[in-house]
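In the two complexes that follow, chain A is the common piece, with chain B as its partner first and chain C second.
Take a look at the complex of A and B:
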């Protein structure tokens, strides 16, 4: 399985990934049209601030999304069978037909990568953009901070601070 | 190896899944005294409210047991356990030998002693059959009373209100959800309930049942109030189903005692879920946490150890999540400690926006959390409880809505980056 990683040193915090993600998860997949959709599309990736001393004197940014954990706590917490690990790909997937919006997954995700989509009262998270070869956030990243790599291709220095 | 699992719910199912990730060979037989295939108990209130269909109660595929190569025997109640011969007998006389046994018999609704049995309209909410019975009464009932303001009581009350019934909740304590939240949060919840026309009678109990021709017509409270109603839901908590081990040497206190491998005092017998006592990280005591997530995690650990994978349970954290009258609410651990002096509390509230957040600390470690209205990144805080992390460096930021995973990275917590790299 491939996973999205963020080179923290290259991330500018520009949020191009957030925008691309929201557009990709809209009905129209077009920015202008997406903004007018009845349910405002939301991003499943979030640029977070790594603030070293809590004073903003030195900070970096991290674009974070679902880690598709091996022993995924959200799958264990889900009361409806709406979050399952795909046995073949290893991806953790949400089935919106089954999700009841109890937020048990939000309760346990150590990354805060599962959030509420209030418009549809369902949990949502990164799905690796099933309609695309490369996830939209990775394609949209202007500095190539976001990469989509095979597990074995990841070296520690690719993703450390 | 012959594996026998008693119970076909959260813990039993998690055990099956864990076993089959590494072992396709061993024979697995699963018993349940219910007649239904696998369903999620936690969804029963959604089915009662009509938000989901009966089919959606099924939380695994129809052919789950077939694919997992499990022989599921429904409608069989295990009544006898011989720990020496490793042998279980069911109520219909059928019997099973096992090499390894998992007791995942869960719990049952507690019945208050002063309420007579056999009155139409007096119900509990525990099984699918219970809900079908409640639904029959909902057809003609106009008013419902729920006795008990815990998680199940509140879920029942909200569901009955959605069915259009006039609904009252009777609780003995000063507030609803008293195990889960504190006074501050319960004031907001109380108001939300009232806005949804669910009335809560606190510090009250039911003293008498009124019936006509064995049909419920009302209840009388110990405050002298008579409430006409056609439906009464008893939600005074649950007790573990430990009858099976009564005459055995398996050790139990309230629930069946387990070690970190979910093993009981008998080396080939394991226990998990609502029936088991396990170490609790926040209280630092062994206790039952009758919760779905705990049952699944314990079932998984039991399953792995049954097939000889030595994996230990980190311990439970009592945790609840529910969406109550459209306000998301999550709580963990000790939220209103009895001996407050040994704890430090951080509170942030915006009552007008139905927001309330609280962190309970002891020796700079998080022991409990309430998040009402704003729950993003809740799991990041949970990870701090589970790791017993010293939070003194960022205590002042814990209640900030922007407290997130990157904050932990910023504060130089190396273990979280390790977590990020793995999957």
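Take a look at the complex of A and C:
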């Protein structure tokens, strides 16, 4: 299975990935038009601040989204059976028809990768952009910090997460 | 929406409302985009105005030192401009008038109080609107400096107030810097009149020394034209195995030498790299604006010498020939000589066959002459034909090329659709070159593309339905033409009453933003393609569109889709026709004395 990884040394925290993610998950897939859609599109990737000393003197940024865990807690926590692990692709998917907006998945996710869409009362998360060859965030990253690679070939020394 | 005007940021506002709603300093989306937009206007106005300053300097030189190579070609225009600037013309030598005109023009840049003189060419009601809103520029440089001041961190925090200054700076460009550039260029190099030329990369010659001039200031290119025609240099070219010297242009410099000398145009701004890649260019000579930093790298692939001439624009990897108005002709000769010496180094050459004829040079004066001759020259035939509906209206389609759109497609599609709807199109800049390449600027195109009414007018006058009126600083010609249409009468009392619209379908330069704003401020409905970097703020976008229309009579619109853009323009023109009461033919009534007495005029 391919997975999105982030080179922590390369991430500038510019949030281009967040913007591209929201636009890709809009109806129009265009920035200006997306802003005016009745259901405001939501990003499923978030730029996190890693501030080890808590002083903001030396901090790093990292773009994070659903890790599509092997033993996914959200799948176990879902009360309506709306989150399933796809056996073939290994991806964790949400069925929006089944989601009831109980936010159990949001509570159990160790990465905070599940997103609440308050407007339509549904949980959302990274779906690896099914309409595209590479996810929108990866294409949008100006420093190529985000990469889309086969999980097996990746050494943790090269990338984080 | 991104702000990097200070170092607390850079700050980004999340358009989807998830993240930050304001910058670190509390600046809202509308303040951020207003400041960015204002700074684009300032940069654009600065570019045009600095160009104007160089021309004024050249005029001063032409008058004081005729040996510099510059001379005064159009004395009539000099006297006309002198009257506008308040310079006495009666019983005075041309030289004296020219010195005074040049000095007055230069003084407009540094003027601190009062009103810049060219403003008075606008229709009275337009001037009244500007005075009421305090928009009349006091001087050119002052407005640009004040706009930069007001958009710096922590100064003007009201997007409406920022745009008032933005408008004033834009007006100091359109009715100031750009207009000075155009008018003084006409004095120095002659007012353009219709001339036949050729366009597209096919104009590069297999057998001649090809010299490409690229950039904006005719102060340089005019001297190159003189030098390239000198017998000594032509003979030198022949001794190197070439047949002659082929001077061609790219971008707005191309428009300047096309309009005044009928010299060929190799292409618009996006073809500068392609010209080098033909391998047939001995020297590409550049001055300022729209010159791609990629050129030195590309020139390495061929024998082409890239020659920078302006102290304001140098490039690593290029050869610099410092050009100043004082030693203009001498430098031009050296440059041409260098190009000729480079001819034997030519390697593989691959020149495309494509080229197209065009008629260019429709300056405001040329249109007047064309419509009425020397003694009865006026816009009356144009206004008449607009009133009787043969011509629905007039559209200005201008601006750059942008690689976000298929090359030239935006311009050509839009113009074809407009002329099919009987709208006469006036063009400048790279947009004009795009349509010329598509064959829209030959009189025959009227029969092929134009609507019935417009084709009839074109046939009678013998003009193409798409008029080429110059480079991008020459947009000021369109402002004067619009004012002239108002003064001729029959189409309302202000520019905002006219059935006209403007568009820049493929804009990219900051100059386009300044141009857009001065057209809007002059009362013209203006549509931009590709998108405008203000759309992140709904509030600010509404200010540029609806609020500007109430305030100034002109408004901005953004529409990337070319067909929708055309219908926006046509709808606007129809709306204005309806307001003027010329949307449908009226029955002719013979008034008797009784009815005449009742007329409320």
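Definition applied: the second predicted complex is superposed on the first by the 159 of 161 C-alpha atoms of A that agree within 3 Å, B and C clash if a C-alpha of one lies under 4 Å from a C-alpha of the other, contacts with A are read in each partner's own complex, and residues count from 1 in each chain.
As a working rule, a contact is a pair of C-beta atoms (placed from the backbone, for glycine too) under 8 Å apart; a residue touches a chain by one contact, two chains touch by 3 or more.
Note that the coordinates shown come from a computational prediction; the quantities given were computed from them, not determined experimentally.
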| item | value |
| --- | --- |
| Superposition on chain A - do chain B and chain C clash or fit | fit |
| Residues of chain A touched, compared between chain B and chain C (which is higher) | B |
| Touching partner for A:9 - first (chain B), second (chain C), both, neither | neither |
| Touched partner set for A:42, first chain B, second chain C, both or neither | second |
| Partner chain in contact with A:109 - chain B first, chain C second, else both or neither | first |
| A:19 touches, of chain B and chain C: first, second, both or neither? | second |
| Which of chain B and chain C A:32 touches, first, second, both or neither | second |
| Contacts of A:86 with chain B and chain C, given as first, second, both or neither | neither |
| Chain B versus chain C as contact partner of A:76, first or second or both or neither | first |
| CA minimum distance (chain B, chain C), superposed complexes, angstrom | 11 |
| Where chain A meets both chain C and chain B, residue numbers | none |
| Interfacial residue positions of chain A with respect to chain B in the complex | 1, 3, 46, 48-52, 54, 59, 61-62, 64, 67-70, 73, 76-81, 90, 98, 100-104, 106-112, 114-116, 121, 151, 154, 156, 159-161 |
| Touching residues (chain side chain B, partner chain A) in the complex | 14, 40, 42-43, 46, 51-52, 56, 58-60, 292-293, 296-297, 300, 319-323, 328, 330, 332, 375-380, 382-383, 393-394, 397, 402, 404-407, 409-412, 416-417, 419-423 |
| Residue ranges of chain A touching chain C (in the complex, touch as defined) | 14-15, 18-19, 22, 31-32, 34-36, 40-43 |
| Sites on chain C touched by chain A in the complex | 12, 14-19, 531, 535-536, 538 |
